[in-house]
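Next come the structures, one after another.
You will see two complexes here that share subunit A, one where it goes with subunit B and one where it goes with subunit C.
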Partner chain A sequence: MKTIADAAGVGRPRYSAAVRVSTLFVAIAVFCLAFADIAITTLDPWSEMQRMLLGVVTPDFFAVEAIGTAVVQTISFALVGVALAAFFGIILAQFFHIGPVRWACAIARSIHELFWALIFLQMFGLSPLTGVLAIAIPYAGICAKVYAETLDETPAAALNALPAGVSTISAFFFVRLPDAWAHIKNYTLYRFECGLRSSAVLGFVGLPTLGYYLQTAFSEGNYSEAAAQLIMFYVIIASLRLWMKPKLVGLYLLVAPFLLGGASQIRWDNVVRFVTEDIVPAPLRNADLLDPQAWSAFGDWLMMMLGDQALPGIVATVVLTQIALVATAFLTLAFFPLISTKFFGRFGRGVGHLFLVVMRSTPEFILVYIFLQLWGPSMLPAIVALALHNGAIIGHLLGRYSDEIRLRPDSASGFNLYAFEVVPRMYGQFLAYLFYRWEIIMRETAILGVLGIATLGFYIDSALADIRLDRVMLLLLVTALLNLGIDSLSRRIRAGLRLSTRIDSCRD
Partner chain B sequence: MLLQLVNQDFGYDRGLVLRDISISIHAGDRIALVGESGAGKSTLLTAIQARLLEQAALVPQNPGLVGTLSVFHNIYMGRLNRHSTWYNLLNLAWPQRREIDAIRPLVERIGLGEKLFERAGELSGGQQQRVGVCRAIHQGGDLVLGDEPVSAVDSHQARTVLDVLHEHFETVVLAMHDVDLALSYATRIVGLQNGGIALDSPSAGLTAADLDFLYKRGDEDHR
Partner chain C sequence: MMTRILRRLTTLLAAALVAAPVVAADTFVFTAIPDQDEARLMERFSKVATYLSDQLGIEVKYVPVKSYAAAVTAFRNDQVQLAWFGGLSGVRARLLVDGSEAIAQGVEDPNFQTYFIAHSSTGLKESKDFPKEIAGMTFTFGSKGSTSGRLMPEYHIREQFGKKPDEVFSKVGFSGNHSKTVALVQSGAYQVGATNFKVWKRELAEGKIDPSKLSIIWKTPGYPDYQWTIRGDVDARFGAGFKDKVQAALLDMKDPDLLASFPRKGFIAATNSDFQPILDTARELKLVD
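Showing the complex of A and B:
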């Protein structure tokens, strides 16, 4: 029987914009997979994995000295870095309506902490200043944005109720700040948790934090010590709210700067040379800027850089990002039921929570490093590590969200409940979280080049090894622009799908 | 006999809503629960639901649709337990001809034919309520329990909805606030007042005026 509805084309199954966008992203990822190098290159990954697992079950907490130093340094760098970021963030938030301030913050946060560390290493060497600034600068950019958005939400009624002639500063301290305080405090605590992860990773470029000791333990095959280091790190993060008391913050901040470790002398002539010479493109260095030949040489240099390095770097970065994003999506959908009261009992959820806490507390960079030891350099370790870490973060948020869904008394159970009731209800939220993580995944993907995967970071690292800092700066600029591009694309897709636009807790 | 309650109390944590309730439900009964809002209709219905969940199709007052899924999918959900998970997933991604053909006539009958593949969240409250009714009908069985199933539907549509419900189910228990509708569809009226059953009688011979007393304000201490 053909109905009127059929003839008119309505009444046929249709797919929502959210489903079409998801399908498109999966298709892109499958396409990218064709170009991705996902080979396992180590000879015997399984026996190495056995040794690692043996290390995990026999953690060696007797390496007290190394563990203690790693813990203290990691916390100190995070404390000082995040405190500076919060201080400058709240100041910058006051000027966030000014275009250039907003752009500077966007660029500051589009460049990964490790890249900032690599830049400052050139200027200050292995001085504590390098580590502190590497955290403080990108974090200040993020804090400024979030604080500004929070402060903007002060109810207009409260401001209007003030008598005429109240100064902006009084209004700020009496109305806007108190109103936003709880949220700012929570967000800053969350930022500090992220700061601990960033601080740990800074060890991989030589600063005396967790990553340094971890790398040493791994290179010696001392997996028991590595396991103990990581377990200590989880304990610190899990107990954060117990020891990070408002009353103690002042004391911590007073002590932390003195614990940042061996201060090497900063050589200011290095800093000056970096800014005035090293980062100037080679063809223009010491050249007459009115000489057209210098500029044509610069043009050649630019084309060479963009064609031979930036372009392949961008392609690899995008390929890896798209695959990791979709892998994250699938793992998220697998992970969130683990902690949801709708699917598991108390014991099951306990195990689920432990797994997700470990996965989201371990910095992606460290996860990639571990998988690289197992499988050798290819995109596979990066995909698995990024998907596990980000899937655990979003899975945790969605799991909590799913608990709030109220079902009919006669709703389905098990997999039918999952597929027909829970996932469809949360799908918009799920996509919103994913699109927020998209830019973060890309930023992380770029830095993974440092570990030998051919993304933009790889070319930056090579240029650093050759001490060609002009190239480094150009490639960093390309990286930042790529990130800003993804950020704006993500924002456009979110707006197009009408996904909610304010989520702080999944934003790094 | 489907259910028999003898001198039972019901309520939520904060205290009793219904006291000393005795009622029996037989196959073929068409019962309307009437009474002021707050008289305990929903509480009684919930108590009946809890005892007959396995065999009853439910029409909750809030239809509990999944707004992001289509009308088709929300109705299909009534039979999730009858198909394999794989077949359910197949229909989720790609609605099957067979299932569409089974659901379409029902949706057309109830006046939502053109909305079959609209997202349920985009429908009006009354339309959503009708989708909830369709889901219960699609689920099938002999018994339907409904809490104000036509509260958001206009009076013309309400009659269609009630017609369809009564055609598809042998036993019908509906909480209703419209006394005229209750009298014209139910064969038995159960009136609730002040947390107790004040009336339980065949509807034949009853008029709206006979039910008026249920809507007089109860004792002050019960308010």
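Showing the complex of A and C:
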């Protein structure tokens, strides 16, 4: 029997590339789900959740005398770190066309701030420099890239109009920078907000920021205290635009370095030892490099590391990332209408905004930590936390984007409007945001190993516990390469789907 | 009400402004492995700092750290000169710092024990023999770098089953510290766990353990554990005989309140060789090269 479709030579319905890619990713996630451990292992998660909720409604702002100090130091680390990152970012952006500069920046940003902190802890201990560099280095890599792209996109007309003989430096300060300034300023402010999150999380490895007290409070079940600290953190972020005035930045930057606290001495022999001994693979340390035996021992070491640790770590990291990515996609589609003028009134949107702000302001590391306390160790807490956090970020962007869509006067409303007009019209943008977050989700997934989920971070944490820094460095390298791989794959998919290539505020 | 809040806020602000407590060069700094609840550690070691400061006549400061490895690293990097280590962390620290010495241990430490504990839903009861029934259950250690929470229980598990823990159990976790191990097994997050007998006894006395949910199922034979370890270069930095003074001060700790906070009956002298069994076990499990 011939159908109309056959007659038209179509055979079977041809889906668009975007739909095919989406289906593929969903299929991969479902496949991964079969291998993922997503059990709730606590016997009575609800009683713990009730205690947490009770804590939320009875925040205790005076439980920790040090909370003021923690807030000041959280802000100070973020300020100093991001300022350095912006300064070096703008310099590196000038040389971004040079391959090695670009690669170095890519590697710097492929390693999570907490991992950087763990490296610097070995060299500088709990000195403020550890926290500052942990933020400044990866952020400089990100800033360099974004600044370079921004500067490249400034209109060429003004530059062409310059008379001959104007130096590159003058051209930069008087022509290229002014054009890109508004964008760079906005992006740097956004980076600072991310910096506050990173700074807070650094407390988990012992720096004196909010995370330090937050972890203590959570692990001991003092939820009123934990709630107070989280609320302080939301207030800082929500009021950011009120106190982060251009005129005050200079003053802040003058004061911040003196508020970083705990000045333990830095000893250079520790730094030298780290670079020349600690990170040299054990079989080659103190060995004769011409001795083939040393190299064969190194080969065994490498095979052991890659086979026993890197490989299972990579598998778990990828499995968790793919599931979290698709979960993020679904939550995004559920979240964005909450703040869209097309679907909710003023009150509904207000509630939606509050929810999304809280979800995206809470560092995902802390969200995972909270859910781990509730449900016990498995991939489930990580999936839910990553999806909530990333879903809130993309949902927020998509919600704003949806407000700009012009509808015909006779368009449908409610669910029909959502499913048959708004979502299809925004689908490209939606995928673009998701693919940007893909790499970020993976970076975050790797670090979650520190909390006990068997991703790459778990093996890195174990090597650190044994003070085997050679293993730490090898596993970090593997993590960085995996991340670079995902980044390049994501770029290829975006190019293949012709998705817009620039969305700054979606990067983290 | 309002004025009270305002006053508190002013205090907070003032605290924030003097936030940078700079450590003077001649301050004697020590740390301890974070083996249990932080509030408790802070309470215990600030008392110790005051005590040592009185005895030694110089400023003594306690620096809290977030992990066992951070304690070892701080000791290695000379950011602390003295540490209250467990058996394994002490062995690691002394391997990394030439000339460092174990100088004191608790009266109970030469004969320390790990308790294997289980949730009541497993139906397991205390026995003299190693409970082989735990195979296939979920199991949590303490910190990855702990002697009583990791090294010794792993040693016994491998010895009994001839397999690695992740091959014996359906799931293996690292709770982070002993208090957490007790809490996780009590909540049922893990069926079985291994914890430090001192922490167990105290939590039991404090009523944090519900005997209807949680019980001891096996006690390991004794082994050497906690000790105070000091860097070899302290005499050069703080004056000749400083190490002996620190040791004397630790051995002389008689304040019942201070001792109860550890909890130890008292302190006795220790030497590096006391911990040879721990080093041998760690090498056997390939936790130390």
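In the analysis below, the second predicted complex is superposed on the first by the 499 of 508 C-alpha atoms of A that agree within 3 Å, B and C clash if a C-alpha of one lies under 4 Å from a C-alpha of the other, contacts with A are read in each partner's own complex, and residues count from 1 in each chain.
Operating definition for what follows: a residue touches a chain if its C-beta (ideal position, glycine included) is under 8 Å from a C-beta of that chain, and two chains touch if they have at least 3 such contacts.
Owing to the predicted nature of the structure, the values given are computational and were not obtained by experimental measurement.
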item: Contacts of A:464 with subunit B and subunit C, given as first, second, both or neither; value: second
item: Partner chain(s) touched by A:204 [first = subunit B, second = subunit C, both, neither]; value: second
item: Touching partner for A:427 - first (subunit B), second (subunit C), both, neither; value: first
item: Which superposed partner A:346 touches (first subunit B, second subunit C, both, neither); value: neither
item: Touching partner for A:409 - first (subunit B), second (subunit C), both, neither; value: first
item: Partner with the higher number of touched subunit A residues, subunit C or subunit B; value: C
item: Contacts of A:247 with subunit B and subunit C, given as first, second, both or neither; value: neither
item: Partner chain(s) touched by A:71 [first = subunit B, second = subunit C, both, neither]; value: second
item: Subunit A to subunit C touching residues, read off their complex; value: 37, 41-44, 48, 62, 65-69, 71-73, 121-122, 125-126, 204-206, 212, 215-216, 219-220, 258-265, 267, 270, 282, 376-377, 452, 461-462, 464-468
item: Touch list for subunit B against partner subunit A, complex; value: 46, 49-50, 53, 56-58, 60, 64, 66-70, 72-73, 77, 80-81, 85, 88-89, 92, 94-95, 100, 104, 108, 113-114, 116-117, 119
item: Touch list for subunit C against partner subunit A, complex; value: 8, 11-13, 15-16, 19-23, 25, 29, 37-39, 63-70, 72-74, 76-79, 92, 96, 119, 121, 138, 143-145, 171, 173-174, 176, 180, 184, 187-190, 287-289
item: Residues on subunit A engaged by subunit B in the complex (per definition of touch); value: 3, 5, 10-14, 16, 18, 406-412, 414-416, 419-421, 424-425, 427-428
